[in-house]
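Following are the structures in question.
Next come two complexes built around chain A: one with chain B, the other with chain C.
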Partner chain A sequence: MPIKMKSMFGLSLLLIGGCSQLHHVHVSDIDQSRGRLTPFTVKVNELGFDAAQTVQIGADVAKSASTSEDLEFIAFILAISNFGPTTGNPVYNDNYAEQILVEVVKACPSRKITGLTSIREATNIGPVSGEVVRINGYCIN
Partner chain B sequence: MLNKTTLFSLLALSLSGCVGLNTVSMTQVPAERENKISTSSSSWNFIGINFSNQFVDVAIDKLKEQCPSGKIEGVYTKHQTTGYLLVFKREVIVSAYCNEV
Partner chain C sequence: MKKLFLLFSLVMLSACTSSIHMSQVAIEEKRINEFENGQLINIEKSQKNILGFVYDTNYVDKAYESLLKQCPQGTSMINVEYLTNHGFMSWTDKIRIKALCK
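Right after this comes the complex of A and B.
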């Protein structure tokens, strides 16, 4: 396959790869006996970045064979240095989910909260992703 | 004959899915456990490409409908993915107890 066709195929895969991933769901108790429920959603997200995949794309589109080989080696080093169990892409801020409690309390001024659903999800566009923590719940009015 | 065998094997392979258990969670189980309710919702995709996770919210709405004026307690949530040939089914299965107050 000529290099341009290969690049175009790779790019089109990258574009259609803007997809949602669901990592974790936890549904908690829902109390519908104490009044009308008003739904709310709170979300925090952080940029995830797969360095190894980015360098691999660079290796695929590199014009010279030696550059491509060098980049493939770097991609390999990056891949093995991030090897292990992960949930989503690596992020560079490990505190991004900590604000979520404050946001939940803000979203429900009555302070009576029920039916919290915790969702860990991601939206991927090639090597970049939005690593999302979403909380759905209900305020008891 | 070999072709037929290969085709049959491929068909059997595509019909029998492999299940992967993603997550399981459970909340506190109530003493009253007479009225059990359960629901599930799912989303199909091709080679893992999804554009939304809204099917999770559908499961919760369906659960709420089954206990409109009570407490839903002891919620057991299972998130699993079944893989067929190039096609995947993501599923959330929820069961709980509905206790009227």
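Right after this comes the complex of A and C.
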């Protein structure tokens, strides 16, 4: 198979293989006794990128053995430089969910809120992902 | 030149990644009218892990104690965030609490 065809095939596979992944969900009390409920959603997201995995893929597809070895070494350096537990892919901004509380209050002008569901999820496309924090809830009208 | 570019890229890519494991919002429905006058407080406590070894494991308890101290009348809305900042052979676990106090 020519190299361009292989690249196209690999790219298509990555795009088709993009999928959502649920990491954590928490449902709180819901009160349906005080009026009609209107659903709302607040979502914040950030680009997740696994640099070590990306370089490792580069090492796997490299043509020459020396390039492959170099890339494997870089992947190793990246892996030990970003050490620690992860949920989804790592992000380069740890404040992306900072405003979520304020956004929830803004989403419900009546300020009567019930049934909050906190969701931590991701949409993955290979080593790149959208890391998402989503809050669903109901305004009491 | 190529090696310099590689080194630069490596340094850039290994710069301080993080991972948010959980961000949870909860509300005290009986006190929803207190939003207007509530004061927003921020609490952050952390523990340093070096290759998984830690010496300070009660950072969550400390955050909780701090919340009780800063909100003696209780909270009407609270956001708890648990995240990790990655580092070289080590990482820092953090608990961030944002709350609306009466």
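Keep this in mind: the second predicted complex is superposed on the first by the 126 of 141 C-alpha atoms of A that agree within 3 Å, B and C clash if a C-alpha of one lies under 4 Å from a C-alpha of the other, contacts with A are read in each partner's own complex, and residues count from 1 in each chain.
In the analysis below, a residue touches a chain if its C-beta (ideal position, glycine included) is under 8 Å from a C-beta of that chain, and two chains touch if they have at least 3 such contacts.
These numbers were taken from a predicted model, which means no experiment stands behind them.
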item: Superposition on chain A - do chain B and chain C clash or fit; value: fit
item: Which of chain B and chain C A:Gln32 touches, first, second, both or neither; value: first
item: Which of chain B and chain C A:Val104 touches, first, second, both or neither; value: second
item: Which of chain B and chain C A:Lys112 touches, first, second, both or neither; value: second
item: Which superposed partner A:Val128 touches (first chain B, second chain C, both, neither); value: neither
item: Angular separation of chain B and chain C about chain A, which is computed from CA centres of the superposed model and rounded to the nearest 10 °; value: 90
item: Which of chain B and chain C A:His23 touches, first, second, both or neither; value: both
item: More chain A residues in contact - chain B or chain C; value: C
item: Chain B versus chain C as contact partner of A:Ile74, first or second or both or neither; value: second
item: First, second, both or neither for A:Ala62, with chain B first and chain C second; value: neither
item: Distance of closest approach, chain C and chain B, by C-alpha atoms in Å; value: 9
item: Shared chain A contacts, counted only where both chain B and chain C touch the same residue; value: 23-24, 26, 28-29, 31
item: Touching residues (chain side chain B, partner chain A) in the complex; value: 22-23, 25, 27-28, 48-53, 56-57, 59-60, 63-64, 67-75, 77, 79, 90, 92, 94, 96, 100-101
item: Chain A contact footprint on chain C (complex, rising order); value: 6, 10, 13-27, 29, 32-33, 35-36, 40, 49, 51, 77, 79, 81, 83-92, 98, 100
item: Residues of chain A touching chain C in the complex; value: 23-24, 26, 28-29, 31, 51, 74, 77-78, 80-88, 90-94, 96-97, 100-101, 104-105, 111-114, 116, 118, 120, 131, 133, 135
item: Residues of chain A that touch chain B when the two form their complex; value: 16-33, 115, 117, 119, 121, 136
